[in-house]
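Across the two complexes that follow, chain A remains constant while its partner is chain B and subsequently chain C.
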Partner chain A sequence: MSVDIQLAPVIHFEPGQSGFSSARGVNLAAAALRAGSLIAFVAILVVFSVTAPYFLSVGNIGNVLGQSAISGVLAIGLTIVLIAGGSNVVTGGIDLSLAANMGLSAAVYATIAQLGYGDATAVAAALLTGGLIGVVNAIAVVGAGIVPLLATLAVMNIVAGLELVLTQNTVIPASTPLLTALSSSGLFGIPALAYVLLVFTLIAAAIVQYTPAGLRLYAVGEFPDAARAAGLPVRRLVAGAFIASGLCGGFAGILSVSNLSGSTTGSGEMLLPVVVTALLGSVFSRRLVPTVIGTLLSTLFVGFLVNGFQLLNISSVLVSGVQGLLILLVVSATTLLRRQEA
Partner chain B sequence: MTQEKAGQGVGRRDLLKFSAVAGAALAGASLIGSRTAAAEDGLSLKGKRIAISATGTDHFFDLQAYNAQIEEVKRLGGEPIAVDAGRNDGKLVSQLQTLIAQKPDAIVQILGTLSVIDPWLKKARDAGIPVLTVDVGSTNSINNTTSDNWGIGKDLALQLVSDIGGEGNIVVFNGFYGVTPCAIRYDQLVNVVKYFPKVKILEPELRDVIPNTVQDAFTQITALLNKYPEKGSIKAIWSAWDIPQLGATQAVAAAGRNEIRTYGVDGSPEVLQLVADPNSPAGADVAQQPAEIGRTAIQNVARLLAGQTLPRETYVPALIANKANVNEVSKKLGIG
Partner chain C sequence: MTLQTSSIGTPTLPRLLLGTVVDNALVLALVTVFAAFSIATPTFPTLANLQSILVNNFTLLAIVAIAMTFAVSVGGIDLSVGTAVDFASFAFVSLVLAGQPVAIAALAGLGAGAAVGAFNAVLISGIGISPFLATLGTLFIGRSIQQLLTNGGNPVYLPPSGAPEAFRFLGRGAIAGIPVPLVIAAVIVAGATLILTRARFGRVALAIGIQPSVARYSGITARAHVAVAFILVGLIAAVAGLILSATVTVYIPSSGNAFLLNAIGATFIGTTLSRLGRPNIPGTILGVLLLGIVANGLLLTGLNFYWQQVGTGLLIFAVLALSFINRRKATA
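Our next item is the complex of A and B:
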């Protein structure tokens, strides 16, 4: 799948056509395109609300938000790298070490908590672990000039290996006041993790979408040459994106420890779903570029799909296939709409 | 000298006799078990929604238990809500959360790492949903249907010690001590070996992994055989389930070290086949009756919802399959 997503589709005015009605048609199509994926999302929500018992309850929606927290934080981290590196999967920005990063950070947190240190130490250690992994990625990509796909793949293996050494591939249970608070329910009986996801998304969106630094990230990703010519510190910005992504991995690790009451094996399995979610996120943005809010929407889209299928009591052997099919439908519908547009 | 004698007090022949007696006793118990199940067939789950949460269905054991549970709920007139986490703890927790929101009449949890699932089983209990478990003991579960893992561990350990003549080095896979049945089986091995001073568990113990269990066990055993190249330096390989045993058996055969015997638990058909092959290093495999365990758990749900009091644990007998009786056991399990 080539995901070389371009900037806003340029609206062409065909010469010789009578202006008003055709321009209006094009505008309508553009609006449909912008809204297409959102309409699909809402349609699926409506279908589930009508057919699946319990779907439309505060508790259930809170559950989905909470269950999406870990993958959401990881996907948002990846989104930052996608923005700064350009969204071509093969040559653009990608951080394959994110899931392994979460696993190691979780293991570090659980180990330190087990050794009897407090939450503050464990949080700092987990974030430091994630940040350091980001630094290594940054050095490999920006310093050594390795393609992100390969650089982060190598780092992923190192990190997964470190996790094995640290945990001996066993489950490390952990229980601290912070973990208990994170895994409990907050206001309106909604899981605390749901609030964490929303607040995290708001902060990330504020930084990425509404600050000069965020704008520069887009410039670097889409037009690196122009960005360089304009005097932007391209290398520093790309490095910063990898470090931010690493920190997201560390943060997701903390959330994972709270959700699973410790660190467990198999974090690597998160990788592909997170990559898919982050790429799918572009479909939920107005200009079809990776955005933080778009990624949140795609995380929730996947979360609601899984949840709805369980509520509908669809046989577990079918879920993964149907889910893949629906995602493919949404992506291809949007892509087709865009092509028509262009 | 005296110590040695004490160690040899239980001779190889006695052990064989003992395991034969144990096997017969278990077989008898299984007959009684099936008869009582048939007698109590007035059970019903009509109009009840029963949640079945499986940690995974990629092993013979959980697949059999999972499918048998779904069938049994339907047979008793209930509606199963069956979810399979594909051995992913994150998914397992999410599914349990959603199940709690679905408010079924009962939740039956198949396997799972206790520290991961227990907080959510507690939340289910707090929400007024009865929780039953298969093969995982939890204070939040009303009843746990399982094999008698103490019996399994002891039978397997005695078979192993008897096969190697009460002396020699054994290699142990101990990667899942956090999983209660595995821990019990391992502890029983240690208990038995304690009284055979010439039997030694090699350090460091190996760690079996999920996924890629077979491949990984193959690699680890191949490396270990290179480290202990002399014939007789290793007598047996033990694992708490039989998927690592599968990889280990293949590695032993590939290295031409057929003097080594492998031991495991679960009665996976491919391993039972190896045990049946006289040339294969597979020594014994304790076969649980997963489908029977699954059915029993659902019948327990029906009993509970009918107002009966359940015992803390319900044991379904296991059958040890060794080179001598494997065909009989396979027949009893309905395999081959």
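Our next item is the complex of A and C:
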């Protein structure tokens, strides 16, 4: 028997009476939002490319892709947990340990590489670290029944502490053939990390969007009772989502070592931006649900925004403000839309 | 609980014991941790150290966690409590620096915190955005605003000589031997407990948090109550901002975020480990005490600073896991 403690259900208000009244208007509004996010994306690209000539060059686009690789991998990991946990972030799916996971995995990779072991060992160790963190999350959430927000918060503290113990809060430099390859430029002078992000996204999307297991994840997240009644292994699927997210953290750790030529402190700073990116991702999908491709688009959206600001010499302090405004705009549009459909 | 056991028949002794353990999980956890540290380090249970726990590990987090409890009580969460702390601190320090009377500056600080709460209230009650996302947006926007106000994140110092007497009193003064911040925290604890348990507003807020639909059908104006709750969050967090800046005589941009995760932890520990599983002030306070005692106790054990963070995480994790597992057994 599981205990359903209603810690913080979503606040539901009376469906609004404002706005469109006819079904046609609703459809129009829905289409407008779905198209709107993409149009906004394109509009920003156009504005930047007109004002900053270098913006639309192949080199710059490749740069943005490469710089987005780490946050993209993390956000996709979080997306999997969001899918399996449902839309309520407080009681449902969230993995607050992801950024700390990346930090520890990076530290493990760098330490092992520095000890003189080969890339294969270091990669395996980093992925194992990430996977183990995912297993701990899964046991805490599925086994002990702790709410994901609390469970992953506690795990985040442990993992961040372990990273400090391992690195003594210093930078651990690392240089291996794999890291050199990852930080070099590939085809068309585009950073190798950009290709890594694209390939990773394709694989993740193929698994989540096009396999029976992926479909079941959505069922578990959106209608847990129905999924249980239909005989789906709900607990195993949720546990799997947390482990997958942990592995993504480990993978992002390897990428971050290559990007910074070593493990560095302060990975926790990535947490909230990654949460925002993953949550924003659902507007880039047709049914306004979290999807892997949607998350990739929202990662690139944020990446291009930051990059454009840099090219135009707009102060970088505005970036987080714009991110905040974006999420509010997008979410209020989604909320108003959902109200129409209700 | 009693209904369930009576329907089964005479409760067995182990079951009764288990029920008692589950009902008082938080107090038991606190007593266990306290006893363990008292045995491990002789300096832990001294009066001086217990005082230092209250002053250094308790006061500010308790105030922020109480603010968070109001957000959780209406079924929400507030990721921007730190933003309210920062805005209050910024307004307070800047105005005192500009030579304004401390009382006026403090009022402005409270107003700044309440404004953050009001912004959230508009997003949540007005537009209907879920509290998690709305306050996440506020957190990000607040970060940019603070950097813009401080030329990219420079702290605003108040020279110790330039700080008025009243300003220093707020941070380091004492009333009848009790530090002023602790007195303020006690007043807020008492006030918040009264509001949540005795006042109509508190009961309505909890009803909205537990059963939004039932609350709605009973004719409760949920929107208004949720809005007031989030403004209260900003206002209470602002008090922490005033005390923080008066203690360290400086405003550091985005420093209030340091409280966020601990405040969430304390509030949810208090909520989930309480008998009814509802947000409540005593539970939150016990949660803050647990975090404070663990932090202080580990410090005294002389453990490497980095291991302390691991230890804190492990202890909290163990408490959570044990209580959730016991709860599951008790209801099975």
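The working rule: the second predicted complex is superposed on the first by the 287 of 342 C-alpha atoms of A that agree within 3 Å, B and C clash if a C-alpha of one lies under 4 Å from a C-alpha of the other, contacts with A are read in each partner's own complex, and residues count from 1 in each chain.
In this section, a contact is a pair of C-beta atoms (placed from the backbone, for glycine too) under 8 Å apart; a residue touches a chain by one contact, two chains touch by 3 or more.
Since this is a predicted model, take the numbers as computed values, not measurements.
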Chain B or chain C, by number of chain A residues touched: C
Touched partner set for A:Gln310, first chain B, second chain C, both or neither: first
Touched partner set for A:Ser256, first chain B, second chain C, both or neither: first
Which superposed partner A:Ser183 touches (first chain B, second chain C, both, neither): first
Partner chain(s) touched by A:Gln168 [first = chain B, second = chain C, both, neither]: both
Chain B versus chain C as contact partner of A:Ala124, first or second or both or neither: neither
First (chain B), second (chain C), both or neither touched by A:Gln67: first
Which superposed partner A:Ser57 touches (first chain B, second chain C, both, neither): first
Touched partner set for A:Val135, first chain B, second chain C, both or neither: neither
Doubly contacted chain A residues - partners chain C and chain B: 168-169, 315, 317
Touching residues on chain B, where the partner in the complex is chain A: 54, 57, 79, 81-84, 87-90, 93-95, 97-99, 101-103, 113, 115-116, 118-119, 175-178, 207, 209-211
Contact footprint of chain A on chain C as seen in their complex: 72, 74-77, 79, 123-125, 127-134, 136-145, 147-148, 152-153, 208-210, 212-213, 216, 222-223, 226, 261, 264-265, 268-269, 271-272, 277, 304-314, 316-317, 320-321, 324-325, 327-328, 331-332
For the chain A and chain B complex, residues of the former touching the latter: 53-54, 57, 59-60, 63, 66-67, 70, 168-171, 173, 183, 191, 256, 259-262, 264-266, 269-270, 306-307, 310-311, 313, 315-317
List of chain A residues in touch with chain C within their complex: 1-3, 5-14, 16, 88-90, 96, 140, 144-147, 149-151, 153-162, 164-165, 168-169, 272, 275-276, 279, 315, 317-325, 327-328, 331-332, 335-336, 339
